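Right after this note come the structures.
Two complexes are shown next, each including chain A; its partner changes from chain B in the first to chain C in the second.
The block that comes next holds the complex of A and B.
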């Protein structure tokens, strides 16, 4: 059919150019922790920084960072280990959700 | 000297200034961050409306693991406030959490003014009138509100 031939001819002569070629793609995702997760709700310092107690006790150059670890409970709430260990002596519950406190993991 | 309790209180004060809850205010006394003065404005649509009630809050070095001692300086007529101004509120005693700060304490006391708990009375007369003679209760509360302007 004539129409088809015409179309073929056009296709042969004017191959549609690709608009662009994707050579490299860097995915950038922006994310942030929930404020509640990020900040130790007991001393109100970010869990990645040393807690208030360690900041008060250590010299300015060390900030006590190496000892002040983060602890996550089974409830997924996180606190400084220093802050939480003082609290559980008095009441073995998560101060945020009141669940029985048991440690899921510790670290930084 | 800056102890963990004092550092925490500085943070509480900063938060109170940056994000002030409605109807309450508080600040450390000039020479001692462990003792605060606070004011709670009587909540709207309650007999406490228009009152400005003064309180003192005393912290220990164990804060925030131990709750502070909070006391009304203004004369109060409320089922959960003792004659000496002491407050019977679970979160200041056995339900204390170290995640509370001064903002949370003051807003809890403010909501206690709206919703007294007559089942754990600190002032049995106020509790009884609250349950049995609301009109007389409100009259006594109004007298406190007027007194709070003078104090």
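The block that comes next holds the complex of A and C.
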């Protein structure tokens, strides 16, 4: 790091007209699922949180790593993947619009 | 000009006496004249009466001796003298006539031996040759004796020379005889045909006899036409037959051999004047008639098997015939298009497409340069064909070429040295040149470049820059300006903390205006991130960002550790020394209170890198700010804290709000849980169970409100008969 600074200093002496140069930027961003409705209609928990089932399991699992991702159907409705995979066993339709359920994409 | 004028006076400097001396030498001897008197002879010299007769007799016996190859009794000098004497005595016409007659008799007599009914052709030819050679030798001897006649009378009277007389007579009496002529010509043709079939023949005999025909001036009329006809017949049949029997490469070798043989024939015995027509006939029958068949049958194979020697031969042979190269060129073009299409069109071969294209291009370049003599027509056609087939499949080749470059420029690609990589990039540029959808290439190249830059996966900065300059050269600065911008951005390091919404406290989203460079960087990162994670969205949090700035003050360089807002403000001072509050607010779009605190931290805190005009602790609307060039600090790296006083109260409120919200959810959940278990419960019992479960202080009135809310939302209902009792609604 020290070397880098030295190099930079030399560069700047050659171009003194620029008073401030951005050298490093620690940016912060929040990610969230790109969903229209932020609650899962099946378990009634926010999609950003793990579904109820996964929350219960992750209490035992001390790593706290969540794999409870979101799934989008062709109808653009979104649910927890865990909730939806249980749901389709009983009824292969979207709980919100009753269209035939087919997965458009999975969250990653 | 200057020189000559300068030089002229120098002539006069030449010593006068030198010239004068020369004149003296010339005029040294006055000559004295001598007289020479020539007088007529007293009487005319007379020849003896029988001198002519005697002399002719002498000469005749000599000529006859020569004709019969017998020894001569007179010396050649004596005979020569005799001829001279006769000529000087105006006997030349007579002498000429006598010699003519003598020769004619002899030649006419010679015909007999060639008229026999049946005669072996070869023996016939041998005999003819002997006779001819003997005739020539005789005529040379005779001419030597009669040289004086040849040089005087014949030259002055424009009659045929002795030698010519010999030829004329030989022609007239021997070869103008139809039978003899036919026998000679047919014999010659037979010998040549034999040689063409691979037999050894007596070439000197052929040469001598053909020379005879030329000398007698009947080579063209009597021989050449028939010879060419025979040639044409032979090769027409041979061409037809061998095209069927032989593979193309073997056929070509054969043709080459034939042409060489015919050339040798000309060298050895045919008249050089026949060369053009002969070779032309061979080319026509063996090549021109079969060009399209040769190409159709053999070119693809030769190119696929990369048989350079055969291809060279093919080119050389076809360059001999009219339109041969044009046809070769168009077949070559068609082959490249056909073969190239198979490389490009099959999605299963996508993985190897680019490498195959490079190999194919190399091979075809090699063919053009080694076999086709770098013929420009062929290299242009090659380019045209590549351009044609590579665009047969839209977009994919462009994409794959971009990806191929990526794989080569990515770190971990240790297979090539710098120079090899450079050469490879040059070759790829050649392919790139053929592609019409350059924007597709750009899009993929850009995506991959972003990945290489952001993940630090680029193998070599030099290689990246070199590729960029190649692209620039090829497509101009407009094409690469964005890519170059990406490199410039990379001099600034970005690290991004990605927080999971929900784990972290919520922050007020705040829109601010970032400089272009930062926007670009942010976008590139965002594209990169979203390509890795599907279904997500990113929300930038400018309030949480912070930066390291290099700042040059008069006292030297410093590094400032500042918030993003402070950064945005300070960067504005690169363009202008003094700025008004309103201007800063408008340009950065930072929220008013936030901006005031930011400016306060920069101009009124411990490290004052800006100067506020007028001075004062609070920021007013009409304040102005100036870069503080005289800033000093003993530290190199200075952290300028953001002032946060006011925010804590806001944040506190927000936090309280959130706690309150969370508690409401927990109360709701507890009520539902209890009611779900008990189904019906009186108000007081519900309240007391709730107090047991809830771990935070809560007023009964609040609980009552939550119960009301749940009743509104149909989670439970009041008992119809007893208003103090609640029923759970499933």
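The rule we apply is simple: the second predicted complex is superposed on the first by the 65 of 108 C-alpha atoms of A that agree within 3 Å, B and C clash if a C-alpha of one lies under 4 Å from a C-alpha of the other, contacts with A are read in each partner's own complex, and residues count from 1 in each chain.
Heads up, the rule we're going with is that a residue touches a chain if its C-beta (ideal position, glycine included) is under 8 Å from a C-beta of that chain, and two chains touch if they have at least 3 such contacts.
Everything quoted here is computed from the prediction, not taken from an experiment.
*Asks:* Mind working out whether A:49 is in touch with chain B, chain C, both or neither, as first, second, both or neither?
*Replies:* In the superposed model, A:49 contacts chain C only, not chain B.
*Asks:* Have a look and say if chain B or chain C is in touch with more residues of chain A.
*Replies:* C
*Asks:* For A:90 in the superposed arrangement: first (chain B), second (chain C), both or neither?
*Replies:* First partner only, chain B.
*Asks:* Touch test for A:72: chain B only (first), chain C only (second), both, or neither?
*Replies:* Second partner only.
*Asks:* Is A:106 touching anything from chain B or chain C once the two structures are fitted on A? First, second, both or neither.
*Replies:* second
*Asks:* Which residues of chain C touch chain A in the complex?
*Replies:* Touch residues, chain C against chain A: 492-502, 504, 507, 517-518, 521-522, 525-526, 529, 532-541, 544-552, 557, 559-560, 564, 567, 570-571, 573-574, 627, 629.
*Asks:* If we count contacts the way the header does, which residues on chain A are in touch with chain B in the complex?
*Replies:* Checking each residue of chain A against chain B gives 41-44, 51-53, 55-56, 83, 86-87, 90, 95-96, 98.
*Asks:* Provide the residue numbers of chain B that touch chain A in the complex, in ascending order.
*Replies:* 2-4, 7-8, 11-12, 15, 64-66, 97-99, 101
*Asks:* Please output the residues of chain A touching chain C within their complex, sorted ascending.
*Replies:* Chain A reaches chain C through residues 5, 8-9, 12-13, 16, 18-34, 46, 48-49, 69-70, 72, 105-108.
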